[in-house]
Amino acid sequence: MKSNTAPWIFTASCPSIIGTVDVVTRYMAQAGNYIDEIHSFDDRESGRFFIRIEFLPQHADFSGEVFKAEFAERAAEFDMDWSLTAPNHKQKVAIMVSKYDHCLNDLLYRFRTGQLNIDVTVIISNHPDLEDLAKWHGIPYYHLPITAETKLEQEAQVRALIEQYDTELVVLARYMQVLSPGMCEYLDGRAINIHHSLLPGFKGARPYHQAWEKGVKMVGATAHYVNNDLDEGPIISQGIQVVNHAQYAEDLIAKGQDIERVTLFNAVKCHVEKRVFLNGKRTVVFGG
Amino acid sequence: MKSNTAPWIFTASCPSIIGTVDVVTRYMAQAGNYIDEIHSFDDRESGRFFIRIEFLPQHADFSGEVFKAEFAERAAEFDMDWSLTAPNHKQKVAIMVSKYDHCLNDLLYRFRTGQLNIDVTVIISNHPDLEDLAKWHGIPYYHLPITAETKLEQEAQVRALIEQYDTELVVLARYMQVLSPGMCEYLDGRAINIHHSLLPGFKGARPYHQAWEKGVKMVGATAHYVNNDLDEGPIISQGIQVVNHAQYAEDLIAKGQDIERVTLFNAVKCHVEKRVFLNGKRTVVFGG
Amino acid sequence: MKSNTAPWIFTASCPSIIGTVDVVTRYMAQAGNYIDEIHSFDDRESGRFFIRIEFLPQHADFSGEVFKAEFAERAAEFDMDWSLTAPNHKQKVAIMVSKYDHCLNDLLYRFRTGQLNIDVTVIISNHPDLEDLAKWHGIPYYHLPITAETKLEQEAQVRALIEQYDTELVVLARYMQVLSPGMCEYLDGRAINIHHSLLPGFKGARPYHQAWEKGVKMVGATAHYVNNDLDEGPIISQGIQVVNHAQYAEDLIAKGQDIERVTLFNAVKCHVEKRVFLNGKRTVVFGG
Amino acid sequence: MKSNTAPWIFTASCPSIIGTVDVVTRYMAQAGNYIDEIHSFDDRESGRFFIRIEFLPQHADFSGEVFKAEFAERAAEFDMDWSLTAPNHKQKVAIMVSKYDHCLNDLLYRFRTGQLNIDVTVIISNHPDLEDLAKWHGIPYYHLPITAETKLEQEAQVRALIEQYDTELVVLARYMQVLSPGMCEYLDGRAINIHHSLLPGFKGARPYHQAWEKGVKMVGATAHYVNNDLDEGPIISQGIQVVNHAQYAEDLIAKGQDIERVTLFNAVKCHVEKRVFLNGKRTVVFGG
């Protein structure tokens, strides 16, 4: 389309069957919406269909609510999971962090400069160190310390804050505490974690030290959805950096931080742009 | 779709206007075709629309000819340039080469092993060196020497061979002769060239030597469609390789060859899979 | 060596001739210095020799001044340009910036967290926008506006500040004003600029727009020493990012910023670690 | 140095102690050898020193034998493992392969065109498929079938051929049989294997299928020395390729082949250029 108007985003997924594309495009045509981009994928292994459409309504009286009401029936026919997102909808994001600030610093920069179209509403940490950084950005900061004994209590406080701030997405930006199964369940599908290795290699603790000992020639990072298995959630994005024999564990850590930052950013960006779809243990990412 | 059946490929491009997606998906639905993948792009700058669909006919009596006849009217309404390609259609490809054989060797390997779904019907060279390689692959080889004086004559012979072998795509796999304007025009839109630099840097001759003198820290290659301007045709694919001070021009040449091979392969693969669309001086490449 | 002691750094370059390695290693041995790493390169084209050594003195009374006095004679024999840098010497760095803050933000982060072993003493800008960021880091900020008429005057003020802060390195972190020849000369050899394209492509203004028009499939950045030719100084480091047809100029700009940040950081890091040597129009970079 | 003369290569490694660089450079100076490049590394963790020197003898009567005799004493003082390699020494290489020919095809191409300075003396396979390819290159081909029962017998035949052809390096170019412990021991330190994943991820069988199931966004390959642990030998080189949801296992296999080829080539090249040093479970690679 000629202009720079931000589009509405429609997404859907359902069992693969003939007619899934047509039911959507037909409705778009009837509603007089201009399709700016359409992208679909049919997974022959999982038997599931995925579609993402960016569109520009042409009728002045276009209403997201009306769209939702009208499309609901059609969607039900195909057993679709689907969503409609208004232009420039800023997801409310809560960031959880421990001491390492490189990912937090990068996300806040992207937020501040508009590269990430989100609203960072709250920063939660088990340490006090990063309060200054949050202050400078004018974002509420909660220091919730944690020990083995107070873990479940602390997680309850975290959940309370997540609710209080109407959080849509939680980003674990090098939050180093292992979440309890209950917490993973609570966050299922709406939390992205950055693990500082190229999964499935080097799961768990101190992956850069493991990497150095193994003598790998690349280090990497993986951004994935949180689920019950530690470091096992569906992968959204990965990145790598070449390393050599002259780099010790602390050098791998330093180099790895750059990869973590950009990999987490990519994943969050794809998520808020509704480009990511869960597909069993995997993900479909359109244009990521 | 559940099976591994190779899909039919539909492509179209036309001026951006509402209804371009719908006219296609409506027809697909009416004809009972299963859309395996749909991808469109609307270029707000050039005001042009592009779409590519992989589909699996569901009716036993599906006919490409009938599709073409039925869709022609709809296409005309939107002033579409469009194409329909049968599953596993192997484009007839003529490869032109001079002395360097790395690209030719790679393309023949991909052809031989089925990675490139093409039919290499003829190899044309201004040198005799690579005849053995062609022979081993059982492909006709024509040695057509060329000098400044005999250029137009030689090009006429090349065109004759291109016609003789019903060529759909010409691949200039490090064919080092500069084509005459007439030859460029003849090949317009159906010839891919590999230039051994990351255009627009280092056009013309001896790009690796130019690169070494400039002291760049990366060398690259560019695969593009042939048009009238030397090294200026629409870019399809690019690749790079990191280099350092310890590499002289001959080392850059050696390293560059790997990039040339894979870049040219990528471009040819995207072209034969109908993923590439001309968009003014640029290209749209779906899933490249 | 067993410990984590930071090493002294010795560098030298001179015309290629037999004995250049030996004169250095012999002196190191006599002085009882432990060589932690030695790396040399002999450029057969420019006929110049380069060497870099990280060493740990073993004698408690080791003195950099004594080393310099003792080695001076030997160096003179070979017409060496050479330097000796104490462990953890933090170069005094002045950063010049305009409005875009991504490179500045990144450098300050690296400085703040110790990843870049420098002392950012002053930030100079022709705009007032980034004063807040400088304040939060506790670094003096000077807003020196500039117009075509006041250019030479403004540059004189910049030079005064560079002197005032005993600057060793000037980093042009997306400082968008074209420097006068006199300013380039003044900065020769001690100023690093980041140009937002993969030189030699897209020199000058608006390289991302040029890149978009050309339809390239990669955008890049180049960090280089400032000299008299616009965007022509010896290249230190380059980086690229893959792009596609769906990205307009503003998207290339956004993507490019990530490459600019890391490329500039790499170059500054290599420079302060004395890994970079001028070699005519090119550079030698050990372990970059 | 001014000319293009190929250099002699000296390598050594020993326990870290003062004097290891000097003993070598002093000898080089006394022998009147021109050092074209020197590179050392001191691993503070393993306490081991590594050095590689490319040099050009200046005396017409230089003799490798004399060098070896003279340096032996000095080397013994430091308990050095060391080697001296004549210019353009072509290591005799035996390639083992099963059915997949992409790595073999690539190595033979590099050999044929001189990019790999080796002498491929024999190709051994447990299948007959690739005999034609070997024939065209004029290299003896041995088809040695293998079953669970005949394994040790077949391995004895392989060893006999390795001996018969004075093999210095064995390259397992997608040789799919698991070697017995005895065979691994026999090959220890002089056999390079390509594993089609980015180790330590996806060890063992069908790594691309494992990768697809895991939903990773990158596939890779690892070239490593063979030792007793399956896929655990010291890593020499690694490479990756980005993949997405639209690629099934067979697509990952196809894409992965390109990475395997270039990764194996890199590793073999580094090995024959004496750039690789064993360092416990890891490797030091100079200029790789």
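Order of writing sets the chain letters: A, B, C and D. Residues in each chain are counted from 1.
To be clear about the criterion, contacts are C-beta pairs under 8 Å (C-beta built on N, C-alpha and C of every residue); 3 or more make two chains touch, one makes a residue touch a chain.
Which protein is which chain? UniProt says A, B, C, D = Formyltetrahydrofolate deformylase.
The structure presented is a predicted model; accordingly, all values stated were derived computationally and were not measured.
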Note: of the two pairs C-D and A-C, more contacts are counted for C-D
Farthest chain from subunit B by C-alpha centroid distance is chain C
For the pair subunit A and subunit C, the C-alpha centroid-to-centroid distance in angstrom is 36
Taking each chain's centre as the mean of its CA atoms, subunit B sits from subunit C at a distance in Å of 41
Contacts with two or more other chains occur in subunit D at residues 37, 41, 44, 246
Listed in rising order, subunit B residues that touch subunit D in their complex are 37, 101-102, 105, 109, 113, 115, 136, 246, 254, 258, 262, 287
The residues of subunit D that touch subunit A in their complex are 41, 43-45, 198-202, 213-218, 220, 234-238, 240, 244-246, 248, 279, 281-285, 288
The residues of subunit A that touch subunit B in their complex are 1-4, 16, 18-22, 25-26, 28-29, 32, 34-42, 44, 47, 51, 58
